[in-house]
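Per-chain numbering from 1; labels A, B, C, D, E, F, G and H assigned in written order.
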Amino acid sequence: MDHKELLRLLEDFKNSRISTEKALEVLKNLPYENLDFARIDHHREIRKGIPEVIFGAGKTPDQILKIVRSMQAGQSNILVTRSDAAVHELIQKEFPEAKFHPNCKAITIRQKTEYTGKGMILIVSAGTADIPVAEEAQVCCDLFGNETETLYDVGVAGVHRLLSEVERLQRARVIIVAAVMEGALPSVVAGLVSIPVIGIPTSVGYGTHFHGVAPLLAMLNSCAGLAVVNIDNGFGAAQFAHLINHL
Amino acid sequence: MDHKELLRLLEDFKNSRISTEKALEVLKNLPYENLDFARIDHHREIRKGIPEVIFGAGKTPDQILKIVRSMQAGQSNILVTRSDAAVHELIQKEFPEAKFHPNCKAITIRQKTEYTGKGMILIVSAGTADIPVAEEAQVCCDLFGNETETLYDVGVAGVHRLLSEVERLQRARVIIVAAVMEGALPSVVAGLVSIPVIGIPTSVGYGTHFHGVAPLLAMLNSCAGLAVVNIDNGFGAAQFAHLINHL
Amino acid sequence: MDHKELLRLLEDFKNSRISTEKALEVLKNLPYENLDFARIDHHREIRKGIPEVIFGAGKTPDQILKIVRSMQAGQSNILVTRSDAAVHELIQKEFPEAKFHPNCKAITIRQKTEYTGKGMILIVSAGTADIPVAEEAQVCCDLFGNETETLYDVGVAGVHRLLSEVERLQRARVIIVAAVMEGALPSVVAGLVSIPVIGIPTSVGYGTHFHGVAPLLAMLNSCAGLAVVNIDNGFGAAQFAHLINHL
Amino acid sequence: MDHKELLRLLEDFKNSRISTEKALEVLKNLPYENLDFARIDHHREIRKGIPEVIFGAGKTPDQILKIVRSMQAGQSNILVTRSDAAVHELIQKEFPEAKFHPNCKAITIRQKTEYTGKGMILIVSAGTADIPVAEEAQVCCDLFGNETETLYDVGVAGVHRLLSEVERLQRARVIIVAAVMEGALPSVVAGLVSIPVIGIPTSVGYGTHFHGVAPLLAMLNSCAGLAVVNIDNGFGAAQFAHLINHL
Amino acid sequence: MDHKELLRLLEDFKNSRISTEKALEVLKNLPYENLDFARIDHHREIRKGIPEVIFGAGKTPDQILKIVRSMQAGQSNILVTRSDAAVHELIQKEFPEAKFHPNCKAITIRQKTEYTGKGMILIVSAGTADIPVAEEAQVCCDLFGNETETLYDVGVAGVHRLLSEVERLQRARVIIVAAVMEGALPSVVAGLVSIPVIGIPTSVGYGTHFHGVAPLLAMLNSCAGLAVVNIDNGFGAAQFAHLINHL
Amino acid sequence: MDHKELLRLLEDFKNSRISTEKALEVLKNLPYENLDFARIDHHREIRKGIPEVIFGAGKTPDQILKIVRSMQAGQSNILVTRSDAAVHELIQKEFPEAKFHPNCKAITIRQKTEYTGKGMILIVSAGTADIPVAEEAQVCCDLFGNETETLYDVGVAGVHRLLSEVERLQRARVIIVAAVMEGALPSVVAGLVSIPVIGIPTSVGYGTHFHGVAPLLAMLNSCAGLAVVNIDNGFGAAQFAHLINHL
Amino acid sequence: MDHKELLRLLEDFKNSRISTEKALEVLKNLPYENLDFARIDHHREIRKGIPEVIFGAGKTPDQILKIVRSMQAGQSNILVTRSDAAVHELIQKEFPEAKFHPNCKAITIRQKTEYTGKGMILIVSAGTADIPVAEEAQVCCDLFGNETETLYDVGVAGVHRLLSEVERLQRARVIIVAAVMEGALPSVVAGLVSIPVIGIPTSVGYGTHFHGVAPLLAMLNSCAGLAVVNIDNGFGAAQFAHLINHL
Amino acid sequence: MDHKELLRLLEDFKNSRISTEKALEVLKNLPYENLDFARIDHHREIRKGIPEVIFGAGKTPDQILKIVRSMQAGQSNILVTRSDAAVHELIQKEFPEAKFHPNCKAITIRQKTEYTGKGMILIVSAGTADIPVAEEAQVCCDLFGNETETLYDVGVAGVHRLLSEVERLQRARVIIVAAVMEGALPSVVAGLVSIPVIGIPTSVGYGTHFHGVAPLLAMLNSCAGLAVVNIDNGFGAAQFAHLINHL
């Protein structure tokens, strides 16, 4: 609830347009809907500029469906991450426009179609195995209303593959880099451009990769001016890129 | 070296305005100056929009002085981080305008004074012990040409201290949050605004704080849409905030 | 064996009411029953105010059934944690009143029904994925004789969801908070009340969540006056809350 | 700010006893005093039943003195933890009643003297090296208004030393156990009593002790119904014990 | 190859009883048999007093069978650890006397039956879940020629269960303690006896148990005079206890 | 792209033999082929002396097949690591000469057959469980054009098994040692020879083995002059040994 | 308190030779002396065969002196570990026979001089930097009444240095091996003898040595039948070796 | 002792040229000299091609001097690493030709001056703070008889600084790369050349750098064909490079 609304509410209350009980009621219940197992934050799109997103892992298909129903009423775009084809099928029966993205296991229902971002968000991946994470970022950016492009398999072991795409790097407004074996890629990219670069360490690897800890540490220690999100967190990177792209 | 310059160089060369040897020479030597122990990247401000910054830790006073001399010629603002009063004294003899920032141990020489950023960068800290890190971020943002404000000691254990400042949070264009004991602060802040929030975990704490690992993990796991930099990395957060603020 | 019983045993022995051998025998064999693979501590409810609880993980269905039989004789409430529906079916054949709690996979047999606690224990969870752990705490508190209420999905990324429930927080005598992504929730809750708050980190998450280590560290570093139990340890939190609620 | 005060404020405002600006003003500024580098939460004793405590580590002597001055006006007892003799001397010049506790390096100024707790808090330590942490807990409990007793050097390697004190263990209302080499002590204590036992791992040790991680893990994995606070956190354990003792 | 054999070999060679080539040959080939994928150390029982043991994990059933054949010729007792019922069936076809131990998944073939140890090795476990590891230790001790007894489920949360068995603890010559949740048990046992106590941390647990790291650290930090083997390493503890019992 | 080619390209361009657009085109597109999900670095064999290798884990069978097709055109030997029998079958339909190596799950297609290395690469393993990793190294070395020999199950617990093979160790030009339980083996080997020894920690083990961390640390701390590659990284060790063997 | 004494006490009490109060008194107070900050376990030598040892780290010189006085009355040998020359000087004033061991910083007062162990304990170290730890073990073994020999700087990088001393290894009854860089040494030693080998990882090293974690893991993963004590714990190894040597 | 010498010794013995006792004596004592606290491996230069090197850390100045004296007799070059100026002064009194290298704190005495390596070893560092480690590598390579060149401060954040030196990279026979913040540098270097590249992670950094763990993991996970040595281990990298350069 933003500052202006707080002011208006207090004034309505002062002018007896609403009762004490009502004022307390509003303060407490307005911003979300209680499904018992979940509290849907319909207010979030106004407050954050991003609709609440359903993190599918650890929720039953039935819980997800109920949340989708609740959100659909709000006319926002709907996004379920870390889900699967079975959940998609269940949702599609009721919402035929629901689309499944098999690489990153996301489900989307698009109720708003315009792109509102100021520029293009470029999603870069170091290798083929990073594509699912990169695609989660791409799907989220797109659904939040941002134009996107992708650039895959440009790891630093063959640095010429990246250098040949410098022009595209420089055309973007924000860059997201998903990188696994070589946490080095985001550093090299950030050294070549003057726009924000967000690193996503990815968890595919073995041995001392420690499920993404190796590239995470590499990115956190870069002196090239990166910011970093959790391992495999394509959604988080997209959310952050979206905020920058909508300033 | 950006794309246009590459094109121009090739054309000059083609038109015999420069020789083969010269072209190779330029390609190799132009962008930095070799001090033997360091290679000053004068080209960086053009490429990245940020002058190269001297990371003081692990360099001798003499090395720092030599780098400052080399950079001063480039007319950029000069910033030495993680330094100390003795180094400042040495530099001040030659550059009387050099200023020391005792909380964060930075030295600055300002050769350009205008603020070029689009909005205000707000630096928030959870407690008193976070101030040195917050101040490193503030000094860097300021020197890179960004207006800044600060908001200190608003940790979540008394959440009302933060809520009373929501208005200021919403006036900023980018927010940097330095947080130690409670890695929670950046999450709560990010939940209240629709602009990018950058978290800096700080290393002051004890026991299971593990010198900043506890708040780092808390921030990386936030679902509020944060991006994170290395522990105590006020400079890195400032660099990232600056890039956003200059889009 | 408490102090008074020790005194009485020694006096009976001194007055030749019991023999030397008998005294040794009693000292050694009284407090538990040896099932060979397990030693049932019937004495525990007297000593600790909590019946021995069967930790189901790592025990065969047959072992669990034998322990249940042994405990049933003692007229305590019986609780099997970390079990499954198959074990429940086996037990139910012999003890039809055995109830299964599918979310947290606990089995309960209630032989005492009154609530003996002084107040209400409130169980709070940060998200939907924390509910199984929260429910383990709720089932255990209830079976130990405590009134309980629950408050789910009130994570700090939308802090207004929590603030609107402050009244309920303040009505409780003890609060248990299960929190996963944001280990921040227990800190914020503890900042709002003047009663003990017990944090349970939960293991659902990914990447740098490290199966619950991230929220565990966040809770241990809170300056809001929390105490913490093991990751996912709903039973441990309930046991501790029960002891407080029965002082 | 508790629920009743919120109600009253809203009514005063409705009845025009206070203006809109005033209402906002009060909501924002009442609960703390801004010293610029710190925001003193005078409201905390009302909200939490514990005065705000000054964590001395990382604050300059001058900052500590200013906070003490601000708090002294509030008539609460004042506690500075993790400080040193030099700070004590500085404070004592202005507040002659300030007392220094050399083992745990705390400074106390007592402005309220009655003991308001319901029972006695027993502080137990496993060895001689744990005494500083145990004493921090004892000093804090005492200053918060709780009667305390101590029981030192009763580690489990000679379990008879502990068994001979069972009577005292059972006389307490809450027990705090500081334990280093043997994280085992809190488990054994908790097995002997039916009251809450709070474990504090301590950091003194070597090798695989990992500065307190070994006893921390031992305590978190106890099945005896413990709750745990951060390594060396005598203050946190005291705060939690105090809340239980004042229910 | 022990010292005396070396001396005799050199003398035989000097007296021309064996050729230079032969001497080299013997030095190189005597002590093991090369199965290509494994080199059977038949000499080990002479050198170490323990027959080579087949670590079943990571070997194919066929490889295990071939090694068993090779070892059977040597008339030693044969032990396969970390195996399964299918391998047992395969071996039993050829060696009907092969016995399977389902709790610890070991296979044994006994070719020597006398007990050669000086005393009894007592194997103690803290809980029911530790029994598989305790049993691996028991089976190995027995097969190596040591008398054994077992004492299960005597964890320290009910320390009276252990105290009532002090007599048996003191009758042993060596004690092996497998302990999971409470790494405390070996410390308490070692405090009660004057014989060597070997701790085996076990991996069953959850959360901060970290698959056995918690009890491992507790044991390594005990000041009661323990020695420790790897997590779940019942075989290693048995081997060490056997060496002590055969001094 | 090596130095000479850069020079020639610049001269062709200067002499108008190629246009500006062409020069840029060549600079950018020559060295790889874009399959959209992967960029095949055909240039790599020239630049590195090793054909690009397909890391099979995380790629779909269809993606692998497409990359194989693209590489086959380049007349290099083709190697797919971390694959499986199903992928092999798919490839074999189109490339009947494709061979499957079941121990290490590699697929090879040999288009060049001569051995170009200067000497023999010896692959040593400490135990039977290390053989899959050792074999990955052997298959890679062989396919890259190096003669190889293998020496398996010579762990240091029976050091005579190794000493009897010193002659073979000394005949090699490079030695690769895969070692699991005993990270000690590479140290002992390196102490016996005057050629480079490369250690591969392997991940098979349990408890404190931590999936290969134990032998990794042992190897990194050896003072015998080893170099180390990632856990289980037979391919990496082979690549490094190949570079040495082709100097 | 051992079994026989318990029996006798109960009989004395039954026969009214001692009163109820006396019996309780004896049970509680006999075994130790309370110095307030420490409880001296005079009973320990009877129960464990080892006098209580003073761990000097973290105790004030005055506390150590008081404990020495209390122990001296008991006629045991006295040992202070992890102390320093200043403490020694203080003690020597009162106890001129107190001896300082500068390498391991131990202080000893010998009141019993005979060697009671069955055989010789050999202390082996891998390098020069391990000598302080090895010497702590040697001093403790000696003071507890065991004959000792030492063998220093025989690391496995030059395995011949060790092989030339096999005879001495085989003459010992127990071997203690302190090993730093190469955690491998205890494995190799254990492979050469048929007696118990105890490994002490030492903390001197750098980088991935992690202050002793590298050799600790190496030793725990040895398949040569080692038992291990804490990093740098020469005292613990000596205590364990002593128990074996006195069976 | 190599194979031929073993053969000759056996033959001498057979022909009665040496006695049984003598043969045993030689076998045991030949290869090293026992200084009691250290065993000098004079034989090492023959066996390994590298003289034994004195690791200065943890040795007293007097011990170092004695080892230097012992080694000087062997006419090898002498190298003390991790030492300091005071030790150098002590040694210089007796050996005036001893030279101190202040950056890496090494002491060298050169008794052999020719360069025996096949090519040039290039030592590269990513930043100024890596120079001490790079210099340790350079000093060692040089003393072992290898020509060296250095290339400092070419980190990947400004990748053009490295690309301009490709020619020098390609002129080397072996490359050693010391890299701190960006563990990425060795990957990028290895991608540009077809010779062995050895990575040394360095420990200078802060926060999640974890004293060199971050670059270590980055290097181990590179797919560019690196081999890695311990953090800060300039000596180890030099030893390995030397072996390659002398093949």
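Definition applied: a residue touches a chain if its C-beta (ideal position, glycine included) is under 8 Å from a C-beta of that chain, and two chains touch if they have at least 3 such contacts.
Everything numeric in this text was worked out from a predicted model, so none of it was measured.
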Steps needed, at minimum, to go from chain C to chain H via contacts: 2
Copies chain B and chain H touch via same or different residues, half shared test: different
Pair exhibiting more inter-chain C-beta contacts, D-E or A-C: D-E
Approximate Å spacing (C-alpha centroids) for the pair chain F, chain H: 26
Inter-chain centre distance, chain A versus chain G - centres from mean C-alpha coordinates, in Å: 58
Computed distance of Cα centres, chain F from chain E, in Å: 38
Multi-chain contact residues (two or more partners), chain C: 55, 158, 191-192, 207-209, 213, 216, 220-221, 223, 230-231
Contact set on chain C toward chain B in their complex: 155-159, 181-184, 187-188, 190-192, 205, 207-210, 213-218, 220-224
Chain F residues touching chain E - in the complex, by the definition given at the top: 128-129, 131, 152-154, 158, 160-161, 163-165, 204, 206-209
Interfacial residue positions of chain E with respect to chain G in the complex: 2-3, 47-50, 55, 118-119, 166-167, 170, 173, 191-196, 198, 216, 220-221, 223, 225-231, 236-237, 239-240, 243-244, 246-247
Interfacial residue positions of chain G with respect to chain D in the complex: 1, 27-29, 31-32, 36-39, 41, 43-44, 55, 57-59, 63, 201, 203, 211-213, 216, 230-233
